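Both complexes shown next keep chain A, but they swap its partner, so chain B is in the first and chain C is in the second.
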Partner chain A sequence: MKQYGMVIDLQRCTGCGGCIVACKNENNLPEGISWSSKITETKGTFPNIRYSYIPTLCNHCENAPCVSGCPTNAMYSTEDGIVMHDTRKCIGCRFCMARCPYGVISFNWEDPHKSWREETALIPAGTTSPVELVQQVGGNVTPYYNPEQETKYAGIRPRGVVEKCNFCAHRLENDQLPYCVDSCPANARVFGNLADKDSEVNQILGKFKSTRLKEEQGTKPKVFYVREFNRSTYKKTKGGV
Partner chain B sequence: MKKQVIETDLDSNVHDSAFTRRTFLKLAGMAGGGMIAASNSPKLNALDFIDSSIADQLKPSGQWLPTTCQGCTSWCSKQIYVIDGRAIKVRGNPNSKVNGSASCVRAHLGLQQVYDPDRVKTPMKRTNPKKGKGEDPQFVPISWDEALDTIADKIMELRDNNETHKYMLMRGRYSYMRDIIYDRMTKIIGSPNNISHSSICAEAEKFGPYYTEGEWTYRQYDILNANYILMWGADPLSANRQISYYTSVWGESIETATAVVVDPRYSATAAKSNLWLPVKPGEDSALALAIAHTILTEGLWYKPFVGDFIDGENRFVAGKSVTHTSFKEIHTHGLVKWWNLELKDKTPEWAAEKSGIAADKIREVAIGYGKAAPHAISWVGGGPVMQPRGGYTSMACHALNGLVGAVDNVGGTLKANKEYTQSFPGYDDFLDDIATEGKGHSKIDHRGRLEFPALNSGKSGGGVVTNNAAEGILNEDPNEIKVAIGYMNNFNFSAPQTERWHRALAKIPFLVHITTNASEFSWFADIILPSTHHMFEKYGYVKSHGNGYRHVTLLLPVIEPVWDLYTDETEIPWKLAEKLAERGFDNLLRHYQSYLDPETGKSPTTAQEFALYALKHATQKLWDPAVYEGGDKFSGWDEFVATGVWNSDPYPYRKRWGNMKTVSGMFEFYSETLKKALESHAEKHETDVDNVLETCGYQARGEIAFLPHYEEPKVWGTKTEYPLLFVDYKSRLNREGRSANTTWYQELRDLDPGCEAYGDVAQLNPIDAKKFGIKSGDKIKLISQVGELICHAKLWEGVRPGTIAKAYGQGHWAYGRVAADEFGKTPRGGNNNDIIPADYDRLSGASAFYAHTRVKVVKV
Partner chain C sequence: MAEKNVVSRKYLIWLSTLSIGLLGGLFTAYKLITEGLGVLGGNDIVIWPLPIATYIFFALTSTGLTFVASMPLVFGMKQFETIAKRAVFLGIATLLAAFAALSMDLGSISNIVYFLISPNFSSPMWWMGAIYTIELIMLMVKFWRMQVGDWHSQGSKIIGGIAFISAIAATSTLGMVFGNISARPTYNGMFAPVYFLVTAFLSGLALIILFSISYYQISKTQSPDEEVTSYDNLGKIMAFITGIVLVLFLIRTIVGLANNDSEFLAFDLFVGSSSFNFVLWFGLLLPLLLMILPKVRATTTGKLIAAVLILSGLFIERMSYVLIGQLKPLGVRSSGIPGLVTHSNTIWEWLVVASSLAFLLLAFTFGEKYLKLGAAD
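Entry: the complex of A and B
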């Protein structure tokens, strides 16, 4: 069986956030929820500083605490290594969110896509309301709603359930890469089968030292990071006393 | 560490909602999905996912259709995924050799623009006769007929009174269909006043390349073959130009190249480069000249391009002149003159004091850069040059390419490859006497006057002085403007010192705005015409370059226009031409009817036909095998449209060595080309070059004026009264000034280093913040000599002390419900242009945006 995983090359990544928007687009995410996100930090004191950016997403852990903690099995692992969520079984207890050390599970506190359900037009008869616009273009809650996402997960998750990245399972079944991988302009995300020793992900992991987020938690994440976001040089020196 | 459990009254929320979890679970049992409406919300679809047996039959059903993105001037070729006539997603067009399938982040926001509920859906007219920033126009919807009839009547009124020179066309976001409305329509009506936005873009960037290598153009940079990339204010991973391409190769490029960013602010590109030089705003030329000085004293200039001392002994020694005859130049001109008159004293120590960069650092960069010759790029960005006196900085920074032989070379600075589009049919036969007389008046922006040389491509008055058109309107100099049309522009938001435009626009008796959204400019309009969105609903084309290629990429209507909309540059002018013909003036319509379909020879009979035929005409040599000239070859129009883009032949490196469009034919360190242009401008005004320079506010006199040289930055406000220098920059989410109304923009605004989501922050170094008692999150007011803006503070180490950095793009008080805090009344965030004084690099005509604004900061 496959064991899907991802390698993120921080040298290629420019911190553009294209993956974040692309995922929101592909998966019909509401405002306030991002399955693909980031950790950024600025370190040092002017002028010797560095700004670093780490793209984050669900790590599809081999030893997923969200799965082992879910009381209804709404959170489960598939045979090919995806940690999936079944909206139908979710009771919104958020125990998975408490268990996940990465903060990559989101909860629908409100009816999603609030702004698309507003009913006022700014200029009466001159512009339109969000609701009217969605109707005009034949959308579904949003005007750019992606129906192809519905085959493996609810297209619109309702208030009261969690949601998270599922490695674009709806794309994988059509031999398409997860959308964040496809959309990354820098080819900084590499997807593949960790159980195949010849896969590109394993080729990279063989050649480069990699890290994973919070490895010490024992979650066995399947998203790996290689190389450095910041490149710098300094003039050779022995320092001083 | 366990994630904190959040305290809420979630359970009560859930159970009180008309659409509860229980309802959902009940409905979830329904097979096959379906539309389930919650009682209060329209069509909240609780679609559960489909039974897997059915799922197998549901394959992706959409099509990727080609078009072009104009979110910035990278002008990438794109594809839009369309299902049942609805645009769903965006990606790079793999058929483009410039950007391929790579797409920067801002492209996706186009979906929230085309499907923006705040788009104007029908023509509107103002019913409140008063015009002002706080005056609600009280727009009411009208028909296209009524709108166009009114406009046509106004134009005919000008014609009847021989006042056609009082018509003005303002051009904003264009495609290369622009001449139809910007040039032909303006001329045939009979006015000289077609005013483009170019000088609020980056004209000063082109000044350096023109007056050294004869190319008034943007450049492409061969970074994959470079060993050193020295960027002057350029931030190619965030902002212009060809962001998609540079993002796609940056990680690879920095394997072999040393990247250095010169910028008062730590940009996204600085984070991905080897070295950040936080230069004092306005002092980039000092740095560039010291680097040039060091390259020469260290003997690192590229001899096969520049030449050498006849006896091979390096006589470039600090402080010492060199005899002209001792050096033989090959493909360059004026090196020794440059050394003797300017460079010899411009040591790193001298530059350190001016620029705030340590002398040993300057030397290290200069030597590293020089040793990488000829694969050493000096990348001229907008920041250092769109300043008063910035034209000379443009020359100084670009001239470094000449010293190291990177011009037109592998791993160097390249121009755009040849392409074969053609211009639209001529207008001469359609000019009547009224038009000929009218268009002979002088222009409202004063280009070419003594104080505005605007020396685009060597010609006095050759370039627009966009921001000065406001003065022309206000002072009725040379004449008043009675009827004006602006298309896809927003000058009282996007041009410095916006309040002048508020006054100017209020003065124009009849103003039309062709726009997608009711913006700040629209607020002063008498009529709004809603236009199609360039990425999804329009026929057109643009050209761009990168990766050693030029592409000509088509703008195509991948969906039906969302409302009853027409295209700014083609369909609207046609419809107006029809109206004018009804009123007895058919010259414009007859002109447009001459745009025949190259395939059938047919003359257009409708606006839509006109748009299409015009595009086919302009691009004919690209798609028609019968007139093929080069680059990609197509079997015909249909294949071209299906592909969406034409690519040029590969770059002909070094073809222009010794063969440049300069006076000498060489790469000019001493610019005979600038000398000729300045002398010609001086002669036109019966004066001398020194007087031109004095009038235009430059410090140079005599020969120095034709050389890249140091000019002190010109600043508005004293340090004591206005302690911080204002650093404007561009967000990686900006689609020019038009993306702030998208929720994705607001939600992800912290993608710019040191910024905040849902925020418009001004970034201060903690040292300055402490001085002024400011903490992150404080609401602050930035006050300059000409205006003020309100935003929030963010303390950040990526800011040079003594400066305050803030991105342009927010501060809309119109445009839409997300962009504005209260539509028509209060802005969300602050508009940088409210505080930037209207000043110019007069030699190029470019508006100054950088380094000349001093501000004080107070808490509010």
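Entry: the complex of A and C
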């Protein structure tokens, strides 16, 4: 049985945010929701300062607190290790959000893609309304709707339920990589089967010391981070008193 | 005749006020259905706004009332039998008020059927919902048996016993809903179920004293002597439990302040805030003082003030408890937010509180009028 996981090489990651944009396109994400995101941090005082960028997504934890906490099994783990969500079963209690230490689950507080649901034209009799435009280009709620996404998850999640990354399960079933992995221009994301000792992900994990976010929580994330981008050097020194 | 008209007019104003409260809740429900939970002012950081605190407040008060009713009905403490029926009725009403507040906070209540057909037995939230439902059913059956005069038959006692046990279990699991969130240590881990159980008893004691005494004061009827004795004894128990809650509250405060984990930043700010001071001084210490002074405890006004202060303090405490665990963003949500977020309650959140309270008061008004809840009836 496969156990999908991801390695993110922080030395290769340029922090371009392409993964975030690609994910939004692929999964019909509404404004304000990002399944793929980032943790940025600036430390120190100028000129001794450094900036760090950590790309984030659902960690698809082996001991997922969202899965054990969901009262209706709307959040569940698949046999191949993906933490999936079923919008039909979700009652919108947001307990999964409370339990997730990574903050990667979002809630639809209002109608998704609200601006595309407007029936009023910006200039009456001059421009089309957003709804008309969507109809004319054959979209679904948005003009850039991706219908492939809906084979494994609600194409657009309704108001009142949570949503999160599912490793692009609709692409995996067609032997395609998750879209964030596919579209990363720096090849910083490597995806594969953790249960296969010879997989690319295991080869990288065998070569480099890896870390996972908040390991002390015992959630056993399946997203690993290796290396760190840092081109700085410093003169040989023992410091001083 | 003129006096009767005045009473009727006051009664009408009372019912109208409560109806307005209920209408406010219905309008909020309409807004939530048409616009989504966003109107409550929540976001992906403050995910549980005021209705959850309202739910906890009423659900725990229901547990407390079940404890109060169990003293005579399960443990045979006959001196409290006079207030048992009212306690059972209020236990039902507060639990329904709690469920009403909770239902306002569920994003997709239309999917609630999956709670039954797709249960997750590892989820404390599922157990909480299931056991509270059992408690509600047991309380309703018990009330029905009491209504037909069957207070102490074997079957009636078993029903009361199950209600008591389910109240303990439901409250413990509600504590675990919060305490089991290891990512949010400010929810106090394994301390939470214990804290909930004890504070639940206190809120139940305060509510039965407040409602019972108020009823006789407002309806200008004489409290039956045996009920007056019950209130005095309940006042002593309330003093005892307030003392225990005060100790637990101080333990929680000291442990929270001593914890250097950044997750406790919001708790550190809570200590010393006006909410904290109200809970400590007016919600716990002053009522404790009032109830340990025999001369004050013996007065109706003393008990009323103590009960109102305790309930107000506990409501603020529930509100703060839920909020404190959320003000420090977790994981990716903390990116760009080094400290805490703020949250101001919206009018819609307060309307949920007002409508749940209005429902409780309306139920109590009709209960007293038509179901003979007191000893004299």
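To be clear about the criterion, the second predicted complex is superposed on the first by the 237 of 241 C-alpha atoms of A that agree within 3 Å, B and C clash if a C-alpha of one lies under 4 Å from a C-alpha of the other, contacts with A are read in each partner's own complex, and residues count from 1 in each chain.
To be clear about the criterion, a residue touches a chain if its C-beta (ideal position, glycine included) is under 8 Å from a C-beta of that chain, and two chains touch if they have at least 3 such contacts.
The model shown is predicted, which means the values in this text are computed figures rather than measured ones.
Of the two partner chains, chain B and chain C are each touched by A:R159. In the superposed model, A:G44 lies in contact with chain B only, and not with chain C. With both structures placed on the common chain, the touch criterion links A:A98 to chain B and to chain C.
Shared-chain residue A:T211: touches no atom of chain B or chain C.
In the superposition on chain A, A:S106 makes contact with chain C only, while chain B stays out of contact range.
Of the two partner chains, chain B is the only one touched by A:Q136; chain C is not. With both complexes superposed, B is the one of chain B and chain C in contact with more chain A residues.
By the document's definition of touching, neither partner reaches A:N63: not chain B, not chain C. Residues 38, 40, 88, 91-92, 94, 97-101, 103, 109, 111, 158-161 of chain A are contacted both by chain B in one complex and by chain C in the other. Chain A meets chain C in the complex at residues 37-41, 56, 65, 68-74, 88-95, 97-104, 106-111, 158-161, 213-214, 217-218. The residues of chain B lying in touch with chain A in their complex are 1-3, 5-6, 8, 10, 13-14, 17, 19-21, 24-25, 28, 33, 38, 41-50, 55-56, 58-62, 83-92, 102-105, 108-109, 111-112, 115-122, 124, 139-141, 237, 244, 247-248, 250-252, 254, 258-259, 266, 268, 270-276, 278, 364, 518, 528, 562-563, 732, 743-744, 747-748, 750-751, 753-754, 765, 767, 796-801, 816-818, 823. Across the complex, chain A meets chain B through its residues 9, 11-18, 20-22, 24-26, 31-32, 34, 38, 40, 42, 44-47, 49-53, 87-88, 91-92, 94, 97-101, 103, 109, 111, 115, 117-118, 121-123, 125-148, 150-156, 158-161, 173-174, 176, 182-183, 185-188, 229-233, 235. Only residues 35-38, 42-45, 47-48, 105-109, 111-112, 114-115, 118-120, 122-126, 129, 177, 180-184, 325-326, 329-336 of chain C touch chain A when the two sit together in their complex.
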